[in-house]
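Every chain is named by a letter (A, B, C, D and E) in the order it is written, and numbering of its residues begins at 1.
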């Protein structure tokens, strides 16, 4: 049923950071005209004291300590820190006086299990902080592009890095949606070939589609808000790129809604095919019953032991009866054929 | 079918306070730089005459007397008083010239019974009045935090106390929604294991989801209005916290809608599984009938007592007939297997 | 299918007043600082010539004469008069230069018949005109309050009287909606106890809910428009009261939509219970058929009259056959039990 | 499936007038303080050269020649002319610099065939041009009122004539919708009386409702736009009348949506009644089968020809067996009665 | 399941042009007061260096080289180029500082396969660039009109050419939608004649309708945006023509939604007809079973071999039994007839 946002007991003071008990890692990537430098295994304070032109501070794992330290060093509102540490948030975009807060869901489909991993982004003037719910190769592509030492990441400010991360997160939806589309096509083929019941699988598919939609709708709104609002932190040049991300979310939503409609149509098709098959099964039974029940009655009649049954003694009675029964059977077959049951 | 707002007979003057016949209790908690003081068993007039920096006036139980007295002392519009005394209101937010009126529903799920308890809040410059439909430990957490004597409740004005109460009320939705989500998962498992009919339970679940939605939609709107409107009583610092509550209601609504879609999908799955089972039952009957009705007819034929039935005298007729019948039976079994009915 | 607005033949001049052939009654209630006076059996002209501070002119019954006279005396647009005389209008609010026109539907539920009665209100500076489709005790409460000689009706202008009438009309929805809710609950109980088919009743209920919705949606919009627009005729003090009516319509619509969803869920539940019962009926037939058709075949075999059937002469053949048949029967019962059919 | 807009082959120059091959008629009705004059059988040029205060130019039949001439004489955009000549347009309202273009659908229901006839209106300062798809007595009422020589048509400008024509067109929806409502009621009665299958008829009804909706939605928007926009050609006095037409479309849409919901509910009712009947049919078969299959087996047993069947010789065996069989039958009947199957 | 937008591996730099490996063709058509000239087989650079008044640069086939060159020569944003090369985009309209970017889908229906072909348009001051996903005679009509050397294409600027291309693309929807409408009608006829199961075909039809809708919704929005926004590149004269395209998309969407509703209604009709047929099949079986099972039992009774069965010796027993059995059979037939089963 999806992941419920980890809530604290009713009445806890808001902004209280939950104790996740997870040990996280801090990594700082500074980049700019001086090239790219990577530093791992630092504390947040150490990382932020390093000289930098532009930097990406990565936190892997929801470590309460690290996030709290982030909050203190960068003056982040406790409610934002709480959201970062409670995975299962709705994707959202919040404009704060000196930074922009973005929550994005990254879907991971392995076999028939769909998981969402939360990535929180804080965009400052010269710094992007990303907090990833758990370690995963989401951002390998961005790291590589940073490693090149040139390109758009170096032309634009840290807003472009934020964009690149959001874009990479949204890119993860494509293979998932494609895979669900393929599953849908397979189920359709199985269904039309009448090979098997597909409803339990269709049900799982619909659940996955519902969850993707739940991730995508608010993401679309978040990026749309970012485009509309006067967020100074995002320059006009980078805004064009965010518009592209917005297009991607619209496109993905279109597909997801389309697949949902198609899955609904398949459910109806499936229901109707079962009904149709039951109808055919019943026809067979009815044809057999309608032919043989009367015949069995007839032969039962002449199996009676009455002493006075004149027919029994007639020499041509037995073949005549056969004739009658054959005619009766054929007549019924014809009647069924005329009704279209055979 | 949920709780219908207790309405007076058509034609009663609006703003007439209904006689609930309930005996309520008044409690005043004053807090501020001088510490926290608690006073119970006072009248409203006594409570409001006590010196205070900031205060929380709690009324437990819908006592007509007390609410009427509140209205007189604090100059509250009769329609507001009427709303307070008629539980089952839509959650709402009303801006009045000198105060803010908020109605919130708190859901309580015990077993398979879902109840809503109405909490009305009046936010004045230095006072929050809460009227609780019946006594319950909704606000234990807030009381504890007040008891500490420091914290955000003491930094901000009474608007933060109002927020803390609304937040505590909304927090009560989480365990209820989570419990419904778990029920849904259980029903899904039972259904897929074909162990039992789950439709009556699904129906109850849907009713609960409908009722939660009915509480959450207007609550979302109420908090959203509060964020949008120029309510001076709520400062900018506290507004951030109300935005967090707004996020929570959105999140809860997302979940509730998701669960409703999933329950709908389960209903379809359930219907289709019954149809599938009926189909299988029919197949068994049809296979048995199609094999044994003709065979019974054949043995019936040779049970007839005609005097002239040459076959009866043939010595190999009986074993030959057995052979024919076995072949017929096997042939039909093969035909069914080819149709995929076995 | 509800009441179709009585339309004139296509091509009739708009604003032509339909000849209802109904004889109506005019009553004038003047009230103010001088007390309350009632005058019945007057013509419209006489009534309007009486001195008044504030007045309520009631027309009971859609009398073409009276309405036409009203139009002449009060300078009312012919289209408004036409709307008044054609019951079955959508509830609406129209702002005219010197008056406000309101159409409200009052539902009356007697047994399983739901009727709507149209009440048209014209609010002038010092006069409220109400035209009631037929006589009914809708406004008894308002009359009583007027009779008291004091209260809010005397503090505010005629806008408050208009509000009181609208409020009384909306109050009539509550018992109707409550009654439908109770019917829904009863149907649910009957259905879950499998006592009876409830679909025809559910269908009637849904029709009623649809009709209530059809009355309530435009009413909500009408009152909402009145709140938003700059209708000078409605003062700020009275506007608060109209906001309360608006809340009531929202509340009623919530309930009606909720009941519609619940009725939909009940229809699905009902369909699935019939399917489930059919499934159980089929299981019984299949179990019986599967056990007895083969057994009947077997006994049929030994009822054949072949001369050469060695088994017939074996002394232990009969008890042995019984043994075989009992084992076969028990084996099948076990197989069914394992499949969960018993 | 409704009427598809007659489209030209992809790639044709837009604004190319299709060759309808239809011969139309031109009629000019001039009216004003000088009285009413009618002229038939003119060319467009002749008609427009006649002196006039206000005039109504009627074109009956989609004659390419006439429409093209209209365009030249009155300086009408080719796209408008194309729309006039391609019946099956969406109803719409277009504001052009010197005229207003309105397309309206008039429904005609004869038996179970629903047809829409397109009427295009061009409103100029002192002229209304109407082009009717085919001759029909749509506007008899307006003609009659014109014939009177006085009335509102003579008080207001040509905008009132345009209104009168739109109003007459909308008036034609009422009998159609009413007739569909009556059909719906009839189908409901037939269904509840279980007299017949009504689904094919319900399907046709739904198709008709869909088509009416397709005509009414855009019409509502068109008139709504006309009310909102600053169309100078429509004076304030006439605007009130257009508001009335707007009300009528809202009312008709309400009804159509209502009927659609009701038809949907009837479909469900119908499906469930078939299921219920199948259930009852199955019960009868099951009761009969469950009683007689075992009994037939029993009598089969004693029809066997084993030499050693001691029971056969017992003198009281036959009546005893009858007793057993009667008890068995009665026991089963009781069991069925307890299950509620009888 | 439609065509998924060809996505690059997550993490690729945005704006990276995919290597399609397709070889495309460039064609330049210059036109204006000097007449029309056509040049094929040029490079983009050559084409753009040719003198021109107005020109249409056609690229047929998604050739990465050519598109990249286009981008360099015309200073087009890399994201636009990426969109051009990734077919399966949502139709859209993007306003860029010096050009307008339009993506349109052209549907092609051959047999039961529906394909969309993407056409991208770039509108510059004096140039329209079209990139067609693959070669097809989409724009034959426009070419012909250009070939004439006069007409509106020569009166207006390149904005009219862009319009003409969009219009031609939208025109391709008409035959597709019409064909689907005809299929729907055929399926309806087949269904009502009970000739065959139509659900698999209906399912395919619904998929096609879903895909058309997916192409049309964003197209409608794109053209609507173009109308609303202050795109200087589109003059007022041409804007009227785009309004006509907008009307066409609305019209097509109306039809598609209508067909979807109708297809849904047909699915319900189909399901109910299967249920109805099953019901009829069951009735036949039940009638036959109910008549012959008891009769077979009776004749079985007198086939028993008890020594003491007095009836067997009665001379009139046999004809009497026949009498009883005939009466029983007729009685049951009558009972069925009264229940309406025959």
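Definition applied: contacts are C-beta pairs under 8 Å (C-beta built on N, C-alpha and C of every residue); 3 or more make two chains touch, one makes a residue touch a chain.
Worth saying up front: this structure is predicted, and the values here are computed from it rather than measured.
A.B. asks: What's the call on chain A versus chain E, same or different interface residues, using the half cut on shared numbers?
C.D. replies: different
A.B. asks: From the C-alpha centre of chain C to that of chain D, how far is it in Å?
C.D. replies: Chain centroid spacing, chain C to chain D, equals 25 Å.
A.B. asks: At what distance in angstrom does the C-alpha mean of chain C lie from that of chain A?
C.D. replies: 40
A.B. asks: If I count partner chains per residue in chain C, which residues reach a count of at least 2?
C.D. replies: Answer for chain C, listing residues that touch two or more other chains: 271, 275, 278, 282, 285, 289, 293, 296, 300, 303-305, 309.
A.B. asks: So how do the chains connect up here, line, ring, star, complete, or something else (other)?
C.D. replies: Graph shape here is a ring: one loop, exactly two partners per chain.
A.B. asks: Could you give the sequence of chains met when travelling the ring from chain A by way of chain E?
C.D. replies: A, E, D, C, B
A.B. asks: Okay, in this complex, where on chain D does chain C touch?
C.D. replies: Chain D residues touching chain C: 138-142, 144-145, 151-152, 164, 167-168, 171-172, 174-175, 177-178, 181-182, 184-185, 188, 192, 240-241, 243-244, 247, 250-251, 254-255, 258-259, 261-262, 265-266, 268-269, 271-273, 275-276, 278-279, 282-283, 285-286, 289-290, 293-294, 296-297, 300-301, 303-309, 340-341.
A.B. asks: Residue numbers of chain C touching chain D in their complex, please.
C.D. replies: Those in contact with chain D are residues 1-2, 4-5, 7-15, 77, 79, 89-90, 92, 94, 194, 197, 199-200, 203, 206-207, 210-211, 214, 218, 267, 270-271, 274-275, 277-278, 281-282, 284-285, 288-289, 292-293, 295-296, 299-300, 302-305, 309, 311-318, 321.
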